[in-house]
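For reference, chains read A, B, C, D, E and F in written order, and residue numbers begin at 1 within each chain.
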Amino acid sequence: MVPTDANFMGDVFGGVILAEVDRAAYVTARRHARQNCVTASFDRVDFLRPVHVGDVVDFDARLTYVGRSSMEVLVEVRAEDLSGGEPRLVGTAYVTMVAVGSDRRPSAVPPLTPETEDERRRFEEGKRRMQERRSSRPNALAHHEIHDP
Amino acid sequence: MVPTDANFMGDVFGGVILAEVDRAAYVTARRHARQNCVTASFDRVDFLRPVHVGDVVDFDARLTYVGRSSMEVLVEVRAEDLSGGEPRLVGTAYVTMVAVGSDRRPSAVPPLTPETEDERRRFEEGKRRMQERRSSRPNALAHHEIHDP
Amino acid sequence: MVPTDANFMGDVFGGVILAEVDRAAYVTARRHARQNCVTASFDRVDFLRPVHVGDVVDFDARLTYVGRSSMEVLVEVRAEDLSGGEPRLVGTAYVTMVAVGSDRRPSAVPPLTPETEDERRRFEEGKRRMQERRSSRPNALAHHEIHDP
Amino acid sequence: MVPTDANFMGDVFGGVILAEVDRAAYVTARRHARQNCVTASFDRVDFLRPVHVGDVVDFDARLTYVGRSSMEVLVEVRAEDLSGGEPRLVGTAYVTMVAVGSDRRPSAVPPLTPETEDERRRFEEGKRRMQERRSSRPNALAHHEIHDP
Amino acid sequence: MVPTDANFMGDVFGGVILAEVDRAAYVTARRHARQNCVTASFDRVDFLRPVHVGDVVDFDARLTYVGRSSMEVLVEVRAEDLSGGEPRLVGTAYVTMVAVGSDRRPSAVPPLTPETEDERRRFEEGKRRMQERRSSRPNALAHHEIHDP
Amino acid sequence: MVPTDANFMGDVFGGVILAEVDRAAYVTARRHARQNCVTASFDRVDFLRPVHVGDVVDFDARLTYVGRSSMEVLVEVRAEDLSGGEPRLVGTAYVTMVAVGSDRRPSAVPPLTPETEDERRRFEEGKRRMQERRSSRPNALAHHEIHDP
């Protein structure tokens, strides 16, 4: 994290963190989908601890749920002060990415097959979150090209 | 929005939009608080329509609720294709900013006095959202320097 | 305005301000022309007050005069110190933009119809300035693809 | 010149050129003054030919006139298409820089001693331009910390 | 890797890769040294395969040898085309970093204790390379503040 | 050199210098080749003196040897502290660039005809270095599209 990412006390802007979260989610989703992806939504993100200029920040992203064309990616953000100490959890984010074809409409992606007990639990939770997101998405979306039946 | 903000189909990354949302919220909160501010949380953000490289994007930010040291800022994002057409609503975000003193702890800010009927309604809604955020914030926050009694 | 825009005393480079002035003029001209535009000239710009890192800078651009394919845009630059105080006028710039077609030659744009007394006065002044610019433009321009009869 | 500096036809924004002009003028003035400098004004700049993404652009800056604390720098801008052809003159700019002390007020600089006939002529012309600038500077300047008696 | 990092055929500049290699080496050395570090040298780097815009590039850095105040870091660079295929080795680099104290002179760092057979072999090879670098470093270095007896 | 290029003591990252070295080598090679070029290798680079934020850095690049499709470029890097003092040699780098055609394979370039005694000596030395580089290049190169018989 470099000086231009920060305010005048050296705290990194939360939005700069989210921009990197999105990039990590994009790479993870695109690698699975093997086609172009766009961000459909960010769930609420709480910033648990401040990040400072000079910290090394790690974005650990993994797929938790995959629908027909949408994918939920969990990104855990950890910051490490290089002067000492362990990486600290800074925040977690669930990002929904949608694969889109060259016609810019949602496009089917390979299924995700959870294998461990833990992965299966996360998959079911992700499925539930996805359903909640859809039912609470603003109306404007009804007329929108990105939806995922 | 310039080429490096976008994927290979010219869609601007959602995270780039959020980084600007945060900057707009920061300016709005800092102008009210007259002291340094940090981002405490972003509520869920749905991207209702894609933004393309070359669009002019407008971030309209205003204070909706102000507590002792935390402020809720509503940011409405609109994108305009300069080749024609009206600006379109792309998404809305509620950002919670906290004023912090030179000791990096939450610091009191001037109150917000809603004047119109509409402002009063938004204020009450913002107060309710703030209470919900606090009750559902991850446990890690309990040990965290940023809280706002 | 962020640190990389500034010298070592925290004064923002004048050229960084002009780059943003140009961008504001481009958006204003392109929105009117509904086609690509290039910068033909900047009139003299005096920097009336310094801008500092951390100031929020506002670029207020409007069309003052429109010829066949060239447009004059007035950009007023104001800087606001977020720690307090009103925005201060930092400088004003007249930028001449020319609409260009896909053959990269000047291309006609819709006329501008000034409506208020003030707009009509500005329009006449802009017309005069445009004539002066043309008569004093360096000879090299005679051989140049961008001219506007 | 890289893609983000350009519009969608690959023409580099004039303002991006001016930002580099200012940087070249700053280095030239600062090297002479051995102290911090700020930009006081840009004379009118005509863009004689377009610059394209991928061109190598050369900024040739030299001092033409030096007063007590202000310096006039002439910057000639040339663009070279690396696929072939000579560098072409794109524009010229006169930039006025003022040396400022740690109190942020104008500070005296070493004199410039023109040596060749050509340098003496440029010096006299620069002196005349400096006087014209002062007499036509907006009133706001009267109250401004940067002036150079 | 984004557009501004590349030439006009979409090949990423080798120097952009090296800038990231240096950053990875810096983080690795600084984490070990717990103090500021500067780059003393890059060994020869061959670019084995081109990297393209849109590839995800991974920089895997580890300490191979540690002297009194200098550290050798091996960085392996792999590029992955997100449309499919495994990450490919693009190049490897040995970077020598030196820990420097607040007086800007070399400062002792904790020793490195190789544990596996492989680590011990790499350590001995690193030691040999470090000796060769010192004996062949340009004379100018003799007068230089950064040396490591 | 601006703040984001530097660590926290104001020393510019060596990798940032190398990125600019590469750009200078690219421009020099491309101007000679009149076609696209990619970086094949960097010889060892020793950083003889630190570069600080605010220094003006000069990259002096020239062709020393030209083979069928590969070119050796010598880049000398000098840093100047604008507060006073002469530019100091910071490091030198030999960069090997290869011209590539639209099929992305090495493509013949015009020969270089050394004229002075000094140029002839450099040419012969460059030829020897090129042969050494080829014989010691990693095996991976055997399967690589960029080679220069």
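The rule we apply is simple: a contact is a pair of C-beta atoms (placed from the backbone, for glycine too) under 8 Å apart; a residue touches a chain by one contact, two chains touch by 3 or more.
Predicted, not measured: the structure shown is a model, and the values here were computed from it.
Engineer: I'd like to know which pair from A-B, A-E or B-C copies the C-D interface, where a copy means over half of the contact pairs are the same by residue number.
Structural biologist: More than half of its contact pairs match C-D, so it is A-B.
Engineer: Nearest 5 degrees, what's the C-alpha rotation angle taking chain B to chain E?
Structural biologist: 120
Engineer: With contacts counted as defined, which of the two, B-C or A-B, has more C-beta pairs across the interface?
Structural biologist: Top pair by contacting C-beta pairs is A-B.
Engineer: With centres defined as the mean C-alpha position, give me the chain E-chain F separation in Å.
Structural biologist: Those two chain centres are 18 Å apart.
Engineer: Using the average of all C-alpha atoms in each chain as its centre, how far is it in Å between chain D and chain F?
Structural biologist: Spacing between the chain centres: roughly 31 Å.
Engineer: Just give me the whole-number Å value for how far the CA centre of chain A lies from that of chain C.
Structural biologist: Centre separation, chain A to chain C: 40 Å.
Engineer: Give me the residues of chain F that touch two or more other chains.
Structural biologist: Within chain F, residues 3-4, 8 contact more than one other chain.
Engineer: Okay, in this complex, where on chain C does chain D touch?
Structural biologist: 7-9, 11, 13-16, 18-23, 26, 36-50, 89, 92, 95, 100, 102, 104, 133, 137-138, 140-141, 144, 146
Engineer: So in the complex, which bits of chain F are touching chain D?
Structural biologist: Against chain D, chain F makes touches at 27, 30-31, 34, 56, 80, 82-84.
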